[in-house]
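Encoded as C-alpha cells, here's the structure I'll be asking about.
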C-alpha cells in the first residue's frame, strides 16, 4: 500500500464491526440449533447495517435492520418454529471427505477473491458527500435515482414482489388431508354428541345484555336468578374478571326507582365495576 | 442430351419404394418387380447412348452453391457396368425372394420390395455420382435400407448382425466425413471456389501438403471398411450368416462394391501421388485378405459364412488389381466387380434354395444331396466353378487380368495371390464334397425331397448363363471397361507397364 | 490501495466464503438457506463499499434491489422447505436423494 | 525351325476345324440339358459326336498328308477373345503336324472307348450323364491340343481338369470317389498354377501368349526368365501328367469307371504335359537347365511308377503305376529334345501314340476282367482267367508284349529309340532307362501271370464270363493298333515331324535291325520276364497279401509315401491353418470388435456412479469448478 496507513474512524468502525460480523458468521455455520444460528445471522446483519452507515448509506442501513433483519430473518424464525425448532444437527458428516474439501475450497475461493478484487483496487475512494448533497440527502438522491434512471428495474422488482408470495402460497398450500367439514356434518356431530353424552347441541348462551353492561364478562341469569356458567367466556373466568350480577341488579333497581319517581334523580357518578370476588360465587361459575 | 437419363435412372427405384409405402398388400411384390424391371430397361437404354458418346450422359446442376456441391451424375466404363450389374441383380433378387416373409407382421414382402428398391436407387446414385458430397450422402444412405433388410428378414440373431453392420458402416462413413469436409475447404484453396466435382478437382489436391495424406487416408479407411478387408471384415460373415440370401446378394454384390469403386473413383483419381506411395501397404493388405479369406472359408462350418469369406478373398483380388497400377490390372478389377456380383449372387441364391429346404445352414447337417436333388447340386457346382474362376467363365478372365497385371509389377505378389486361386478350388470343392457327395444322410433324405422348381432353375441357370456368356465373350464388358482403365491411368499420370518385346501399344 | 477498501473487501470475501462453506457443510435446509442470505449480505456490503468508493449512488440502488430480490427469494425458498418438510417430514438435505441414476 | 513360324491361313476344310471341338461340346450340352427327354437312347448321340469329330480329324489328316511338307501348319483364327489394356488375346486354332497327331489319337481312342463304355456302363442309371462328361472331355482335350495360344490351351487344360473331376467322381455316392475327384482337381490346379505363371511372364515380356509371337520373341527374353518359364511349364506338365511331385492323384483317380481310366488317365489327358513341353520346344531349346530338370523328373517318375507297379495288388493301380512310368519315358525323350537334338521330340510323340494304344487296350482289358468278376480289382482273386476270358486274354497279351518291347510290336520301336537317345545323352541316364525297361517287363509279367495264369483263386459265387461283343470289338481294334502302330510309325513319324524334329541337315538314320543298345534292352526285358515268372508263375500265389518285412514292398504298397508326403507337407498344414483362421476370426477378431461395444457399456456404468443424488456433493463440485475457473483466469491474467 503506497499511502501511509492513516487510521480514520471509519476504518476503525469497519474493522470492529467486521470482526464481530465474522464471529457471527462462524457462529451461524457452527451452532447446532437452528434458532441460535438464526440469531447469530441477525447479529451479523446488524453489524453490516452499522458498516453501511459508516459508508454514508443511511437508507440502506435502516432498510437492512428493518427489512432484512426485521422481516426476512423473522420469517426464517417463523419457519424454524413451524418446521421443528428443537431439531439439532450432529456434526458427523455422512459424505466422506466433504467437510475438509469444502473448507479448503472456501479458503481457496476467499483468497482468490481477495487477490483478484484486491489487486484491481487502484483508484482512491471519493466518498458520497457530494452525491448525497445534490438532492439534499441520501434518501432524496436515492429516490431521484430510483424513480428516474432505474424506474424500469423498479417496476420489474415490484412485479417480482407480487409473484413471489403467490408462488410461496402455491408451494406451501398443502392439499387438504381430510375433506372439508360442511355445516351439515357439524350439525350431525352435535346431535350425535347430545345423544351420546347429553352435551347441549345448541350454541352457548350469550352474555347478559343489561342497561349498563353488555360485555362478555357479564354472566347471564337463569330464570331462577342464578348465574349461567356457560354464558361467561372461559378466559374471563381464568382472569377473575367476571361482573358481579347482584351489584348490577341493585344498580338497575335504583335506576328504575328514579325513573318511576320514587326516588330523587341523583347525579350519576361513574363508579368502578364490581367483580365477583368471593370463592362461593366463583364456585357457581365452574 | 436434354432428357436427364441418369437422374431418372437414379430416382425411379426410389419413387417405386415411395409408392410401396401405400397399403397395396398383395400387389406390392408385383409393383416392386415392375419398378425394378423399368430401371433395368432405363439402364439398358443408357448403354447405346453411352456407346454413342460417353460424355453425353454427364449432367451437372448446381445443388448447394455455398460450398460448391453439384447434383453431378456421369458414367464412365466402370460406372456403366456397375449400374448394369445393380439393375440386373435387383429384379433377380426380388424374383428369387418372391414369397419372403420376415418375422412379425410388418416385415411383409412388400416391405422387402420397398427396401430393395430404395437400396437400388441409392446405390445407382453412388455409382453415377461425380460429386463427392452426393457420393458421400448416398454412400451413408445405403446403410439404412440394408440395416432394415438384415434386421427385419434375417435369422435368429439378425438384430445384432444388423447393428454390427450399421456400426461398421457408420464408422467408415464418419471417417469419410472428415475428408469430405476437408475436400470442401482445400478445394477452395487449390481452385479458388469451393467445389466437390471430381472432374473439376482432378489431381490438384494431390502431392501437396500432408493434408492430402490425411484426406486420402480417411477415404481409404472408409473404403477398406466398406469393401471388407481382413482386419475389419468381421461384420460381413455375421451379417451374411443372419441375412436372407437375397439381401446378402445385394449386400455383397452391390453394397460392398462401393468400397472398391470408391478406391478407384476417389482415392486413385484424386490422390495419385499418395496412392502410389501407399500401394505396397495396400498390396500386402490385399494379399492377407486373399489368403486369410480363403483359409477362413475352408475352415468355416456355416455355408453362408463360407460364401462371405470367399467374398473377402475376392475383394482382396480386386484391391490387388487396383494398387498394381497397370491398365490390365485396373481393367481386371473393374471387370472383377461385375463378375463377382453375378457369381456370388448365384452361390448365395442356390445355397439359399438348399437352406430353405433343409432348414439349417451348417455344413455338417448335409450329405449326399446329389442323390436327392441332382439339378440343385448341378446348379451349385456351376455356381461354385464360377466362384473358383474356372476358365471359360467370366471370373477367370478378370482374375487372370488382375494377376497378369500384378505380375508385371510385383511377381512375388502375383504368386501369393495365385496360391489364393488354389485355395479357392479347395474351399469350393470341399464344400461341394461335404454337402453333395457321399450317401444321402437320413435327415437329408426326409427334408430335401423336391428338386429345383422352375422359378429357382430360372434364377440359378440364368445367372450361370450370364457368367458363361461373359466368360466366352468378355469383350461385351471389356470394350467399355478397358478404355476407362487406360484413361484412369493416364489421368493420374502413371506409366502403364510396357512389355519390352511387345509391339508398340498406342500410349 | 486504500486500507478501508482493502479491509471491506477482505471482510466481504471472508463472509462470502463462510456462507459458502456453511452451505456445503450444514445439512439442515434452513441453515443452508441462511448461509445463502449471508453470502447475499456480503455482496451487498461490497456494493455499498464501492458506491462509497466511486462516489455514485448506483451501488446503493443495486444493493437495494438485491435486498428486494433476496426477500422474494426467501419467501419462495422457505415455502419450498415447508413443502418438502410436509412431504418428507424432514428438513435434512441428504434424505431426498431419489433424483439419481 | 519352330513349328509356329510357317503358318498359313485356313482355307476350305481347315476353316471349319473349330467344328472338331464344337460337335462334342454341343452334344455334351444337349445330353446334360435335354437328355432326360430321350434318356434310353441318349448315349448314342455321344458316341456319334465322338465318331464325327474322329472322321473330321481323319479328313484333316488326309488333307494334310496331301499338302507338301512345308505348308502343313495352318492357323485358323476363330474369334477375338480378350482385349485388355496393353494386350489382346484372340481365340484361334493351330493345326499342324503335332496337333493333328494328337487330335487323331484323342478322337480314335476316344471313339473306341465310347463304344466300349456303351457296354460297360449298360446298367448304370446315370449313363447319359457319363457320356455327356466324356464328350465334354473330348471337346476340352481337342481344344487343348489345337489351341494356337497358351491362354486358349489353358482353357482346354482346365476344361480337361474339370472333366476328369466329374468323371473320377462319377459314382458320387462313393465318398472315396468324391474325395479322389477333389484331390485330382486340386492337384491339377496346383499344376495349372505353373502354367498361369508361365503365361504371366510371357505377357510381361512379349505382351502376348500366342505360340507364334512367343516363339518368335523367345530369344529376346532374358535367359533367367526363359529358364523360369521352362520350370513353370514343367510344373504344369507334372501336375497334368502326374509326374513326381504331383503324382499322388493318378492312383486315386482309379476310383472312376474303367473307360475313364483308359481314356483320361492312360491315353490322352496325362499326355497333355508331354504335349505342352514338346509344343514349347523353342523355350526349352534356350533353357537347357530346365530340360535337365525335365530329364531328372522323368527318371524319378519312371522308377516311382515302376516301384508302385511292382508292389500293388489292384490291377488298375498297377496299370496306373505303369502309365506313370511310361509317361516318365515320354518326358525323358521330351527333355532330351533340347539336350541332344530335336529328334527326341519325335521319339516322345512316337512313344506317346503307341502307349496310347496299348495302355488303353490293357485298361479296357482290365475293365472287361472287372466286368467278369463283378467289379473286383484285386489280382489275388483272379488267376487262370485265360480260359474263362479268351478274347480279353489274347488282346491283353498283345498289349503286354507291346509294352515290354518285344520286337515286332509297337513298344519295342518307340521305347528303344528313347533308350538309345538316353545313352547318347549320358551313360547313367541310359542305364536308368534300361533298368526301367527291365522293371516294366517285371511288373507287367507279374500282372499277366497273376491274372491269367496259375491256379484260379476266384472268390465263391464269381464265375467269370466273356464280355459282350460290344466290349470285345474295341479290345480287338486296340490290340491290332498296338501290334501295327510300331512298324507303321517307326520311320514315318520322324520326317512327318520334320519341322520340329529334324535340325536342318542332320537326319537320324533309323535302322530296322536292332542296334547294340537294342539288344541290351531286349536282354534286360527278358531278365525281367524270367524273374517275374520265377517269382509268381511257379509258386503258389496266396489270395491274401502276405505280410512282408521287405522294405521295398512295404514302400511300394504305400505308394512310395507320395500321399503321406503330400498330407504332412501341404494338406494337414492348410487344414490346420483354415480351422485356426475360422477360430481366430470368430473368437479373435470378432470378439475384439464386439469387445469395443462391451467396453463402452462398462465405461458408462463407471460414469453412472458420479450421480450420487445428494445435493451437497453437486454443490461441492460446482464450487470446485468455480474455483478452478477462477484460478485459470487468474493465471491467464498474471501470465
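For clarity, chains are labelled A, B, C and D in written order, and residue numbers in each chain start from 1.
One rule holds for everything that comes next: a contact is a pair of C-beta atoms (placed from the backbone, for glycine too) under 8 Å apart; a residue touches a chain by one contact, two chains touch by 3 or more.
If you're wondering where the values come from, they're calculated on a predicted model, not measured in any experiment.
K.L.:
Return the chain label for which the distance between chain Cα mean and whole-protein Cα mean is smallest.
P.N.:
B
K.L.:
Please state whether B-D or C-D has more C-beta contact pairs across its interface.
P.N.:
Pair with more contacting C-beta pairs, B-D versus C-D: B-D.
K.L.:
How many angstrom lie between the CA centroids of subunit B and subunit D, rounded to a whole number?
P.N.:
About 37 Å separates the centre of subunit B from that of subunit D.
K.L.:
Centroid of subunit C to centroid of subunit D, CA atoms only: how many Å?
P.N.:
Subunit C and subunit D have C-alpha centres separated by 100 Å.
K.L.:
At what distance in angstrom does the C-alpha mean of subunit C lie from that of subunit B?
P.N.:
69
K.L.:
Give, as an integer number of Å, the spacing between the C-alpha centres of subunit B and subunit A.
P.N.:
86
K.L.:
Got the subunit B residues that touch at least 2 other chains?
P.N.:
Answer for subunit B, listing residues that touch two or more other chains: there are none.
K.L.:
If a residue has to touch 2 or more other chains to count, which residues of subunit C qualify?
P.N.:
If we look for residues of subunit C contacting two or more partner chains, we find 20, 24, 27, 94.
K.L.:
At least two other chains touched by the same residue of subunit A: list those residues.
P.N.:
As it turns out, subunit A has residues touching two or more other chains at 95, 98, 102, 105-106, 109.
K.L.:
Judged by the touch rule stated earlier, which pairs of chains are there in contact?
P.N.:
Every pair of chains meeting the touch criterion: A-C, A-D, B-D, C-D.
K.L.:
Of all residues in subunit B, which touch subunit D in the complex?
P.N.:
The touching residues are 164, 167-168, 231-235, 237-238, 292, 295-301, 309, 326-328, 330-332, 368, 370-371, 378, 385, 390-392, 396-397, 400-401, 403-405, 407-408, 411, 414-415, 418-419, 421-423, 425-427, 429-430, 432-433, 436-439, 474-475, 478-479, 482, 485-486, 496-503, 505.
K.L.:
Flag every residue of subunit C that touches subunit D in the complex, lowest number first.
P.N.:
Listed in rising order, the residues are 20, 23-24, 27, 93-94, 97-101.
K.L.:
Which residues of subunit D touch subunit C in their complex?
P.N.:
608, 611-616, 619-620, 623
K.L.:
Can you list the subunit D residues touching subunit B in their complex?
P.N.:
So the residues of subunit D in touch with subunit B come to 32, 80-87, 151, 154-155, 157-159, 162, 165, 169, 172-175, 177-179, 181-182, 185-186, 189-190, 193, 196-197, 199-201, 203-208, 217, 220-221, 574-575, 577-583, 585, 589-590, 593-594, 597.
K.L.:
Could you list, by residue number, the parts of subunit A that touch subunit D in their complex?
P.N.:
Counting only subunit A, the residues touching subunit D are 95, 98, 101-102, 105-106, 108-109, 112, 115-116.
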